[in-house]
Structure formats: structure tokens, C-alpha cells
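Below: one structure, written as C-alpha cells.
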Amino acid sequence: MAEESKTCCDRLAIDPDIREDAASRLRSIRGHVDGILRMLERDDVYCVDALKQIKAVNGALSKTGDLILRGHLKHHVVTAHERGDEDAIVAELMDVLKYR
Amino acid sequence: MAEESKTCCDRLAIDPDIREDAASRLRSIRGHVDGILRMLERDDVYCVDALKQIKAVNGALSKTGDLILRGHLKHHVVTAHERGDEDAIVAELMDVLKYR
Amino acid sequence: MAEESKTCCDRLAIDPDIREDAASRLRSIRGHVDGILRMLERDDVYCVDALKQIKAVNGALSKTGDLILRGHLKHHVVTAHERGDEDAIVAELMDVLKYR
Amino acid sequence: MAEESKTCCDRLAIDPDIREDAASRLRSIRGHVDGILRMLERDDVYCVDALKQIKAVNGALSKTGDLILRGHLKHHVVTAHERGDEDAIVAELMDVLKYR
């Protein structure tokens, strides 16, 4: 996989606007994780309240991933045939979508 | 939902061992998020590499959630009929499982 | 897993009303699958239209699963401590929730 | 969405080999659903056994979806810039990936 990334996509960076948007969301996610850590310091924290917070962070992470995925499709995947790296780009994309 | 938590489960706290294990995992997750933030400072970061890291954090969060869920089932749900709060505990559990 | 089912839950059947509701949903799901099969006989079927139908069936199956899960929690899991099979019932439940 | 499909992708059909493979998988899935329906006719069917079968069908459906998705990426998405329909094809793809 790392090999394929190297082969197909050396010059394919995330668009700067998307990079900044994603970083901003991840800083907020880090703050949310800090909030759950403070919650877990209390010895009366209720399981379902912690589960709800974890699900919320998972949702925020998925939205951040969708943002990057949309940019990847728009800037790199739709032009893959012109570059000639379509097999590598599809293989690595399917690989990462499996984790969804 | 918050109402139901209050009604059914005031005294149902997370087991201390699970709480410590979950906190330890969340500290590691926070470090992983910091790593993605550093990755996004580079202007040549590749979309799929960022997506893989986000998926890895999603997986680590889900495992933390499973740990808390398992404890909740084991310590609180299996005794709900004895306490008489089974309707509330099932309703809130189904609600949180929907987010999975 | 099959062993544990045998050990813990021989007498724990699905509630008849839930069984009938789930069967009715599955008959509708079977009809939906038949519809996708007819769609795939056309040589001009568009990928995304087929994907949307598959996702719809996945959603209908998940709702059927949630119906059975809710009944399982309500009728069997909340009484597990009284029966004394809580370890087995939690282990098999976590195992099936992993697939969600 | 339906409008966009019309606009962008009238001539973009599923590859015949993939269509046949997907149909074959869906026939097997229909047989699996029939098996769950027979299971639900027994009044002693255990919740978790039904849940396991439903999860297995969901998994088989997802694999069928991945097959069609891979074909869509390989045959249609990587050439979207050349056709000039990249905005529409990315929008509808993100819409269907949300359901995953």
C-alpha cells in the first residue's frame, strides 16, 4: 500500500483549504477527547453518557474523513485516467473505504 | 434521553478498572489526533495517508466504546429486571447503539 | 459461540410478535432483492442506482436486526443475572454487536 | 440526485462481468434470506442466532456493493474529468458512500 502511494501519488497533496478545514475539525475533536477524559476522572460517570460522547467523536472524525475523501475524489481520482495511475488509485481507495 | 439517564441510572457508575483502561486508551487516541494534526501541517500530505490515520483513530475509539459497553452490559443491564428499570435501560441502550 | 448458545439460552426464544414482525420485514427485503436482480438484467443499469438499492436493503436488514436485538435485551439480557448466565449472554452479545 | 444521475451518467452502465457477478451474489443472498425466514417459523428460534444470520447477509450485501463500487471507480470515476461531469459524479458518489 505504502509502495502504491509512492508510485501513484507523490505529487497529489491535499488542497490547502481542505487541509486547514480538516485541521480545525481535528483540534475541536482533540478538545472533545479531553472533555471525555475529564468526565472519566469522576467516579460516578455513567456508562451510557461516556458512550454517547465517544459516538459523537466518532461522528466528527467521520465527517473530517468525508471532507478529505471528497477532495481526493474531486482533485485526484477523477483525473487518474489522464495521469495513467487509475489501477493504483482505485486499489488504495477501496482499501481505505473498507475501514468505514 | 438525559431525563431517562437521570431516572434509571443515578447509581450506575462505570467500574473503576474499566474507567482507567478507557482513560488510558483515550490519552493514546489524543496523541494519535496530535499526530494527524502535525501531518496536516505539511503541504505535501497525501489524502489517503490522512484518511488511513483517521480510520485508525475511529477504530481505536470504537474499541474504547466496546470496552465501556461490555462493562455496562455486565454490570448494569443484566441486573435491570431486579432493579425494575429495564424499560429505561433498554431504550437508552438502543439509542446509543444506533450511532454505531 | 454455538456452544455458549446451547449452554446459556436453550429456553430463550424470540417473542412471537417480534418473530412475526421480523418475518414480515424479511419478506419485504426478499422482494427488494428480487427488484435489484431484475434491475441487473438491464444492460444499461447505472452503478450508483444499484448501489443505492443495495444500501436501502442493508438499512432495512439493520432495522430488522435492531427489532430482534431490542427484544433480546428486553426479554433475556435484563434477566440474565437472575438466571445466572450473564457471562455467556454478554460474551455472545458483544460478539454479534462487533459485526454491526 | 436522480436529476444528476440523468445529467451525468446516461451512458455509464455497469460492466457486464460485474453485473453477472453481482447478480449471482444477490441470488445467493436471496437464498440466505429464505433460510432466515424458515428459521423464524420455528417458535424456539434464539434471538442471537437470528441476529448472526442477519449480520451475515448484511456482510454479503456490502461485499456486493463493494464490487459495484470498485467497477464504478475504475470505469467511470477515473475518467470523469475527461468527460467533464466530475462535479456531478463526486456529489452522487459521496451521497451513496454516506449510507455505508
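Chains here go by letter, A, B, C and D, matching the order in which they are written, and residues are numbered from 1 within each.
Please note the rule applied: contacts are C-beta pairs under 8 Å (C-beta built on N, C-alpha and C of every residue); 3 or more make two chains touch, one makes a residue touch a chain.
Chains and their UniProt names: A, B, C, D = Copper-sensing transcriptional repressor CsoR.
This structure is a prediction, so every number in the text was calculated from the model and none was measured.
**Q** Just how far, in Å, is the C-alpha centre of chain D from the one of chain A?
**A** Taking the average C-alpha coordinate of chain A and of chain D, the gap between them is 23 Å.
**Q** Roughly how far is chain A from chain C, centre to centre by C-alpha average, rounded to an integer in Å?
**A** Inter-chain centre distance comes to 29 Å.
**Q** Would you mind listing the residues of chain C that make contact with two or more other chains?
**A** Chain C, residues with two or more chain partners: 69, 93, 100.
**Q** Quick check of your reading of the touch definition: is the inter-chain graph here a line, ring, star, complete or other?
**A** The chain contacts form a single closed ring, each chain touching exactly two others.
**Q** Where do chains touch, given as pairs?
**A** Here the touching pairs of chains are A-B, A-D, B-C, C-D.
**Q** Please give the residue numbers of chain B that touch chain C in the complex, ascending.
**A** 66, 69-70, 73-74, 77-82, 86-87, 89-90, 93-94, 97-98, 100
**Q** Going by the contact rule set out above, which residues of chain C touch chain D in the complex?
**A** Chain C residues touching chain D: 5, 9, 12-14, 16, 19, 22-23, 26-27, 29-30, 33-34, 36-37, 40-41, 43-52, 54-55, 57-59, 61-62, 64-65, 68-69, 71-72, 75-76, 92-93, 96, 99-100.
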